[in-house]
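Note that subunit A is present in both complexes that follow, paired respectively with subunit B and with subunit C.
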Partner chain A sequence: MDYSWLDILAASAALLGVWMCGVIRIRTLLAGLALQVAAMAGITLYIGLVTHVTHFLILAVVVLLVKAIAIPWYLAWAAKQLETREDRGVTVAPTLTMIIGLAILATCYFGASFIAVPSLGNVGAAGMAAALVLLGMLLMIGRRLAISQVIGFLMMENGIFLYGLTQTPGMPMLVEMGVIFDVLVGVLVSGLVIFRLNRSFEHIDVTQFRGLRH
Partner chain B sequence: MITLLLIICNILLIPLLLIGVINKVKALLQTRVGAPILQPFYDMVKFIGKGETISETASWVFVWSPRIGLAIAIMAAVLVPWSGLLLPASWVPATNLLLVLYLLSMSKFLGMLAAMDTGSAFGGLGASREATITVLVEPALLIGLGTLAVGAGSMDLATIYSQPIHPIVAALIGAALLIAALAELSRMPVDDPTTHLELTMVHEAMILENSGRNLAQVEYAVALRSCIYFGLAAQTLCRVWPGFLALSPWLHYLAGLGGLFLIGIAVAAAEGVLVKLNWRRVPNFLILATVFSLCAALIAVTR
Partner chain C sequence: MNTLLLLVIIPLLIALTGLFSRAARWLPRVAAGLMLVQLPVVIWLVLPVLSQSGSVATNLGIDGIGAAFLVITTLVATAAFCQAAWLLPAERPDEPLITDKRFTMFYTLTGLFIIAMYGVLLAQNLGYMWIAMEATTLISATLIHYHRTRKALEATWKYLLLCSVGIAFALLGTIMIVAAQHTIPGEGTMHLDTLMQRAAQCDPRLLRLGFILCLLGYGTKAGIFPLHNWLPDAHSEAPAPVSAMLSGALLNCALVAIWRLSQLMHAAGQDHLVSQLLVPAGAITVIAAALMLIRQHDLKRMWAYSSVEHVGILLLAIGIRAGPLFILHALNHSLVKVALFLLAGSILHLYGSKSLRKLKGLVVVAPVWGGLLLAGSFAIAGSPPFGTFISEWLILRDTITAHEYLAAGVVVTGLAITTIAVINHVARVVFGKAPTRVLERPHKSWALVPAVLLLFSLVAGLAVTPPVISLLTKLAQVGGIAQ
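Let's look at the complex of A and B:
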């Protein structure tokens, strides 16, 4: 085939995002998120191997360890602690969300030339990055449990990471590490907040937070 | 002449053999010995010899619709290139994809009529569930086969499958056809074909009232439709390798049958491992087929 690994991995990440829009179980969502981040790490590795710059290789390993293994594992543990939160309802039906996600993906693909940096990067990957950001947003606004909204936020972060990776000549190592650890800390803090919410409300259904407690 | 002989072999031998292989593989995976691979043939002979019990409220619809359904299934099995067999050139216009889809829908419609004709509750339940599943899966089939038609420039299935298909489009549409096949044939995870609880049945509730010769006709039609759907999925998935079309006709046919039986084995393995989906979760699974087809359509449009 006439596609490079970068295109294939970026497209797989975006397709995983579309699939995740229609998934209901939290543990499957986390598995999809882990695969998506693994695709990001793969793209980083590919860029590192092609341009022979070592900091991309180190970045790939760190992204894999922190964002693909540590964060989903932590969120899975949190979901188990919150107990029966593995099956949940959504505000828009998952089937419709998947179709909307596909429409978003198509729009981003065809509109990619507006946001890409043609001299440097891959126009296709920019489209996929924008799609990931929008799909993460779709996941955040279409879901009812707080933990799924965290997963949506992480998908948006994946999209921004992909855009920065493919459309810029690379950020300094320190900045990238800073961003990754900021995300890790953010997820840990949001985990704490979700536990607090659960203790106060006995559930983490965001649509019910405004009502009086039963 | 050889083509006619192979078509007769396709209709008489392969469908029941496929069902036998699926059941045998499932049994072996469940560490049972299971029935022999030729058991469906023995079952056919047994059913034809048995007498029938027909409900008193049933009319001629109940008696005639399995016969017409079987005739339609045989016609579709001859027309659809599910085994990699090259059809004579004069038959090609008859393999129009809309005709094939409508034939298959018609056989399902007749099955539903017969189910509702008996007046039992299970028939109505099975018919309504089967209709729901068919409605959810129809866009996937139409968009998928339509994408292939646009790519090949013709609506005839024989022409579509004699031309190369882009590998990614072939992979996506093959996956969509496989999911649609699982739904239309009422296999796992949409419906458990071995369930004995009527409340969980989809297809078996529809054919519950049939016995004897009617049952033989219905089971044979199901076997033929299995070949058609799984065969189409196998053919599409085989197109992922561009060199597949360059094979000689005999090798093409044998490889097509090999692909069909491989998909049968995969389906049997899936049946041993998966559980039946909660009925409210079935649309979530079936929408995957539509999403794959739409993705393939988008990719094909941009080429």
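Let's look at the complex of A and C:
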């Protein structure tokens, strides 16, 4: 068995994604998200140690601080303020979503070479990245509450980050930081909108928003 | 660097002033005045582009297409600010929720919104372009929510979520374009200029996949059918000056992003893929928007669907690689659509409703507005002698010369349906039985900005001559100023 740390971390992030598709409690979802981002930071650190490029070490620290600690903490605080604990999903039961998630993971595992850059040798991670993007979408589609959709979006973003990390020789630092900043502001703005939604509608169940349909 | 700094001074000044809630009384007029200064400043700053033919190798710079759209964006923002100086203070007595702080904050966010749009147009680096584009989404989402109604809130959420997810795909696509350079030794680049030179040697599969994902992402932002879902809600619930900027400036920014990527694909010898994707997408967007225009209940929603239709036409122009016509039609659409959204805002204020059922007899209540609305609807439907007619005509001509007969046929059908639908709806608003009483007397001055914009559109229609086309052709090609 010659799996590298990179593959193990990428696979565990994707498996966490599948598991999260079946989770109902918001706090547990957020813990899953934080762990997933921690795996991303771990991969960044690993690449940094192997290639001896300081840029990756800085990136790992920023990812850990912003995306693994600050964002989940902010969302957990928001969920507490909103008194939302559980999201039972739309029509498909979360356990069933988990099985769909497994099917996605398997497809991406076998289809990885389609989007991978062979010369970099991280073919498996490309599949896991694609799986994370799709699992994030699945989570967004399958849930009722606005806050779970933000979590799904962040999972998608993790997949994109993983793809950039493992399939390119390294993205420009300024662009990476810009993207992280945009994600942070995006989460803050959506948190603000969710609070306002809760105040106006007294719930944040997106399936109940009907005002704009004709 | 100087030129770029000069560009953002005035929007930044407006944004900073907005932080002081005491400025609420005079800020609308001052901001409008400042934007009236900004317009000549921008034109003066981008003029040197025409005499340059060098390439833009740095991350931020003005190229020909960027210069053209910087002027259009500034023109749209100036018009919106001028109308806002009358409209927004007049609306405030009825809206106790909008405190001085929230009111001036609106100006802060609008200033930042303009800077973010400039960022998209100036970016010569795919990564910077993405960051600026996401910034426009985040800033404009808070602007849509200005009126603080339930519907506006719902539209904000829909816009924020759909556009963020859409644009996430554009990020994945951008990274794939970087990954596609694995065939070339050394690190991947995001600089458009370097990418263009390398394009032919890139891994074609990843490049194509990257382009498709970027099209999906920026296409969501541009409102391509069927990714347009958020657009009518956001554009109709936002306050009129913001609707004008969303429709007249932001859609263009997303289309410029698609234009730049299609140029990249052209350099890679993948023209076939671009036209194969963009031409049908444009034609389907036009016909779908036309069909949705038939049943409309809301004046601003109608103009939003009409924007979707024009995005389809612009996409077609990009698909057949008609650069000059892309600029020309974007300008014409922006002029007319901004006039119409600003008029709709005034009418909304006068009648206290934007439901087409309640808007009647405008020609009796406010004859000047009525006349302008009628003229604007003919212009947006593409009737001569307005500029939209000539640019739509030229795009259709080029579509046929490119042997895209089916697309041309579909677009002509769509345009015919649109004309009938829009004129039918607007005729009922302009004529019909006037209400016995309206909220207040219409202000004559509120017609000024739309009238000037429609006049510009008229001039743009009459001014299209071979020299103008060759100027636009040059603009679509020049590399521009490297800053």
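One rule holds in what follows: the second predicted complex is superposed on the first by the 201 of 214 C-alpha atoms of A that agree within 3 Å, B and C clash if a C-alpha of one lies under 4 Å from a C-alpha of the other, contacts with A are read in each partner's own complex, and residues count from 1 in each chain.
Keep in mind that, in the parts below, a contact is a pair of C-beta atoms (placed from the backbone, for glycine too) under 8 Å apart; a residue touches a chain by one contact, two chains touch by 3 or more.
Since the model is a prediction, treat every value here as computed from it, not as a measurement.
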item: Subunit C versus subunit B on the shared subunit A, clash or fit after superposition; value: fit
item: Subunit B versus subunit C as contact partner of A:185, first or second or both or neither; value: second
item: Contacts of A:15 with subunit B and subunit C, given as first, second, both or neither; value: first
item: Contacts of A:163 with subunit B and subunit C, given as first, second, both or neither; value: second
item: Touching partner for A:80 - first (subunit B), second (subunit C), both, neither; value: neither
item: Subunit B versus subunit C as contact partner of A:193, first or second or both or neither; value: second
item: Partner chain in contact with A:106 - subunit B first, subunit C second, else both or neither; value: first
item: Superposed arrangement, angle subtended at the Cα centre of subunit A by subunit B and subunit C, nearest 10 degrees; value: 150
item: Partner chain in contact with A:98 - subunit B first, subunit C second, else both or neither; value: first
item: After fitting on chain A: smallest Cα gap, subunit B-subunit C, Å; value: 26
item: Parts of subunit A lying in touch with subunit B, wherever the complex brings them together; value: 1, 15, 18-19, 22-24, 93-95, 98-99, 102, 106, 109
item: Subunit C partner contacts - residues on subunit A that touch it in the complex; value: 114-115, 117-120, 133, 137, 140, 146, 149, 153, 156-157, 159-160, 163-164, 167-172, 174-175, 178-179, 181-182, 185-186, 189-190, 192-194, 196-197, 200-201, 206, 209, 211-212, 214
item: Subunit A-touching residues of subunit C, taken from the complex the two chains share; value: 125, 127-128, 130-131, 134-135, 138, 141-142, 145, 150-151, 153-158, 160-161, 164-165, 168, 171-172, 175-176, 178-179, 182, 187-188, 190, 203, 205-206, 209, 233, 237, 297
item: Of subunit B, residues touching subunit A in the complex; value: 167-168, 281, 283-284, 287-288, 290-291, 294-295, 298, 302
